[in-house]
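Heads up, the next two complexes both have chain A, just with different partners, chain B and then chain C.
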Partner chain A sequence: MRRIFFGFVRKEFYHILRDRRTLAVLFGMPLIMMALFGFAIRNEIDDVPLLVVDASRDEATDGVVDRLRASGYFDVVEFGAGRRNVEAAFERGDALAALAFEPDFARRLRRGEAHVQVITDATNPNAASTVLAYTTAVLNDVQSEQALERGMIVAADGSDGTGRVVPSVRMRYNPDLESAYLFVPGLIAVILMLVCALMTSITITRERETGTMEVLLVSPLHPLQIIAGKVLPYLALSLVNVATILVLAVALFHVPVRGSLALLLAECLLFILCALSLGMLISARSRSMQTATMIALAGLLMPTVLLSGFIFPISSMPEALQLFSHLIPAKWFLIVVRGIMIRGIGLEVVWMETLVLVGMTAVFMTVAVRSFSIRLE
Partner chain B sequence: MNHVIETRGLTRRFGDFTAVDAVSIEVGRGEIFGFLGANGAGKTTAIRMLTGLLTPTEGEATVAGFDVYRQTEQIKKNIGYMSQRFSLYEDLTVRENIRFYGGVYGLRKAALRDRSADLIDRLGLRDAADTRIVTLPLGWKQKLAFSVALLHDPAIVFLDEPTAGVDPITRRQFWQQIYEAADAGVTVFVTTHYMDEAEYCDRISMMVDGRIVALGSPAELKGRYGVATMNDVFVRLARGEA
Partner chain C sequence: MQTILVLLRKEFRQIFRNRAMLPIIFVMPIVQLLVLAFAATFEVKQTPVALVVEDLDPVGRELVRRMEASGYFSVRETTTSARKADEAMQSGRVDVIFHMPRGLADESTDHTLQIVVNAQDGATAGVVQAYLSRIVADFNEDRSAIRVQGLVSHGGDAAATPVGPGRIIVRPMHWYNPRLDYQTYMVPGILVILVTMIGTFLSAMNVVREKEIGTIEQLNVTPIRKGQLIAGKLFPFWIIALFELAFGLLVAWLVFRIPLEGSLALIFALAAIYLLAMLGLGLWISTVTETQQQAMFIAWFILVVCILMSGLFTPIESMPIWAQWLTELNPIAHFIKIMRRVLLKGAGIEAVAMQAAALGAFAVVSLTLAVKQYRKVSS
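The block that comes next holds the complex of A and B.
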């Protein structure tokens, strides 16, 4: 029995290794996605071209500009130009943000109130608000220091009587706001869905299309043996993929694995089983490879990317979509993986999410096996 | 009696629809039995019951001496199967296909090696043994598929439209292979659309709407309806003129 099974697995590896497209999806895709998300698609801002319109050119404005320049987030493109240039620079795309100081800035500041205008190109709202946040933070810093120099602020509790609140901000778990911390867990989910669900549903429907499934069913092999033989190679390859992503994440993007590695791998295995069941379910219900591919892409991959919290936070979705997101396995998987990798928590915190995944996997697996039996009748 | 397939009142219903209606046939050892009928006549359902894929609704049947209700495992071990799509893996080589299917039927390593070498020699495929199936001519694929279906020495081989879409010369050669297998004592249960092929069978059965409406040797049937070819027999029966 074991011999038959190994023969089956060997044949499956021949299929995989001899099909360039399968190989590309299995091994090329994880690397390409890693590179894309790691180097191209980023949330952090970096070298934002900043136009400074400075009519006063005094020590206060110099201080602000120096500080922005030193932050590394900005690239001061034009200095001291007239205000009219702002519009033109935005239109040409030469600047994404502009800072306009009013004349006599330092003197007015000493007197208590000075104005500076922050203009951003909000074509990309995310980048614009990030730019805004950074500049405001720098301006606040400068202001606080000025105030301290003049002895205006004694303490953060506002005991000087002006009632100012100075927030003390700490970015926990990811102080440098590296987006790799966010995308690596999501990428694991997407790639596992791709490899397990998409590839297995394709490989099973392919056997049906070519007519070999018929012959296998007439053979002494039990249907479940056939399915297991087809699915297990993909399970092994998925684990290889998880390992690859984790190694790259740690080595290249310095994403930490703060919690237990064993627990992380176990949760990945659970998600793999969940995705494999979905793949089996799809292949049991679709007659052709095209149908299977469409269902897997539209029905599994898209929600995993869009609705799992991978890219867009679930909390800012409309109520209906938030409810819908509960049905997406990747949502629970992401909570678990982010918790383990970034926050270093254990099963005592994510037991509920883990149970949800176990439940989903059990349901999908049962339905998949049942669908197969029905199809065979 | 030496009946390899025996059915009595074999019936399969799907809801209100009776796909196979009280079919009773007997097929002897080494016989080439043609199983004819228009599309949707119930041939596929009948074959699925005989190959252990589908449980009959009522009636009795034994295949290779095993009961279709309780002994499907043994039936599967003792039959071979080949469909119109030849069912070989195109991205595997000749040798790998033989090895895989031999393994599926539980052939031991040594036996498998011997048979594989023997088969490759017999089919004259020695130079092509390590090329992928996809590059082989259709006729070779068909021969190989048939040989693979016989690899585990089954008592019966089911051929489901094995020559669909194949040119006449290749079809002739293929029938040569079928005769050789039958001479060696293998029962051949074959469905076909080609009426000239029906002439090659020892006996044929004609199925219309789930029932066997005619059963006999080609000569008998032609005589019974007073026509010259099996094609005429088929047309008359399919029109319900019998």
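The block that comes next holds the complex of A and C.
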């Protein structure tokens, strides 16, 4: 019996290993995704193309423009006045912000106050507020320097030097604010979800569609063994993927594994099982391969990326959506993996999240096996 | 022409008779749009805070009140023990710890406010730090303003400004999206992704499915030409995807109040070209692969890379130069740019001409590849 089972597992391995294209994607994907996230995809905003509309052209505005250039945040382009010009630049994407000095800037500044208008292309709100913060910071610097020159001791934050609250911020766990700390756990979740849920959902429906399922069902193998045999190779492949990502993360991006490595791998294994049973559930429930893959792909991809906390923080979402995110296995997995890798915590802290994953796996698996055995009759 | 019409009728019937697929094609994208648009925000609200404090004087209370009033922070735990606060962060209950200094009311000296931020998410931690410094700077400014009240008139401007002459006053103006609303930015992009996924996956599975179940042979022995076959396969998905885009835009306009500044005709004309490119890509994948599994897997992989590099979640301008050049090869990046520029900024054809030309080139290349690759003889 055991020999038959291993024979079946070997057949499944052959299926996968002989399909060179799928295999290439399977092993190439973690590498490419790591490279993209590690080297290409960033959220920091610098070298902002900035238009300067200078109606005044005096020593004060020159000073400000020099400071803006020197700050490193901006690529300054001097520009003629006119709303239409700014509009055209924004529409073509040639500039993200524009700075307009009022006429007679230097004289007004000496008299009291001078005005600067900062116009941002706010289609991207994140970029707009960052650019505004940068500009304001540079202008504040210029202003306090001038005040100092004139012998007025005024600190940049507007206090007179006593009784101030001085914040001293410590960035714990990730002092350099490396984005790799965030995306590595997220990538593990997305890749495992894809490999496990998509591949298993396809492999079972495929046997059904090509008619070879009958052959399997009349074999002496128990339905559970058929499922186990289908799932085992993907389990092995997924573990290889996890190992690849972890090795790259530590070697290339210096992401720490502060907690127990054994616990981390065990949690990955649990998530793999969860995704595999979700894939089985999808395939057992859908009649054609097309339906199965569309559910697995179109239905799982975006929620796993968006609702798991991979890119966007869950705590900022509306209440209803936060409740909904509880249904996404990747969310729980991310909490666990980030905790173990970055904060170095143990099972005593993430036992609840682990239990949720165990529960989800149990439910998916039970329903999948049930639906599967019904088809036997 | 007649041949194509017959083929079209067959394809449409196949799609509409598959009851299981209809909700996936038509309902799921809209539901996802409605749900995901709320998820995609980089704003940081209600960050959970632990307060380490022995006794809170009125000045400290005022500072805490301001933190909470800003909406960015919410005090979840108050304790006298630094170790307890530490445990709260370790277990993930709070993301920020304030060590409130004693005797804040004492104005003869500065006070250091120790703040610990959980920086495992670097981007969020940066935003939190920016909020914090602004709140504290405002707090200091107002306190010193109270002290010198009557001596100098106080502007009360949001930007921190020293007291006295020589002030530079910044007047911010946010164009196109004055309330800095994240949905305005994300919804057009998410819609593009959803429409693209449905179209590309369906077309990628189409030919290879006929190959796998053997019905391709029946098509191969008909007088249908290769070009006609690809056209007949492509057209139904093209119509469906354009329809979905229209429906999605309607939802975006009704539910999310996305401004439709530019010309809708321009959007649909460019969408038509874009979809030709993406569906052509799908069909090409379908002709080079042997099994649906292969096709889906490769299509998924290409799409994920294209989506991540499209500027949807993270701005293209932030990428290094070589990666920015790579995005020129990404049709999704071009079309998201088009959608944002035309819909949100009201740009005309001259502002998106480069993108339109690139999409045209992609369409020609991918369709040619698909037709060339298709073989009427089975290997």
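In this text, the second predicted complex is superposed on the first by the 253 of 377 C-alpha atoms of A that agree within 3 Å, B and C clash if a C-alpha of one lies under 4 Å from a C-alpha of the other, contacts with A are read in each partner's own complex, and residues count from 1 in each chain.
Simple rule for what comes next: contacts are C-beta pairs under 8 Å (C-beta built on N, C-alpha and C of every residue); 3 or more make two chains touch, one makes a residue touch a chain.
Since this is a predicted model, take the numbers as computed values, not measurements.
In the superposition on chain A, A:Lys11 makes contact with chain B only, not with chain C. When both complexes are overlaid on chain A, the residue A:Val367 reaches neither chain B nor chain C. After overlaying the two complexes on the shared chain, residue contacts for A:Leu232 are found with neither chain B nor chain C.
Legend: residue contacts after superposition of the two complexes on their common chain; A:Val358 is shown touching neither chain B nor chain C. In the superposition on chain A, A:Asp19 makes contact with both chain B and chain C. When the two complexes are overlaid on their common chain A, residue A:Val118 makes contact with chain C while staying clear of chain B.
Set against each other, chain B and chain C differ in how many residues of chain A they touch, and the higher count belongs to C.
Of the two partner chains, both chain B and chain C are touched by A:Thr210.
Touched by chain B in one complex and by chain C in the other are residues 19, 210 of chain A.
The residues of chain A lying in touch with chain B in their complex are 3-4, 7-8, 10-11, 14-15, 18-19, 210-212, 214-221, 376-377.
Within the complex formed with chain A, the chain B residues making contact are 51-54, 73, 76-77, 79, 81-92, 96, 99-101, 103-106, 109, 132, 158.
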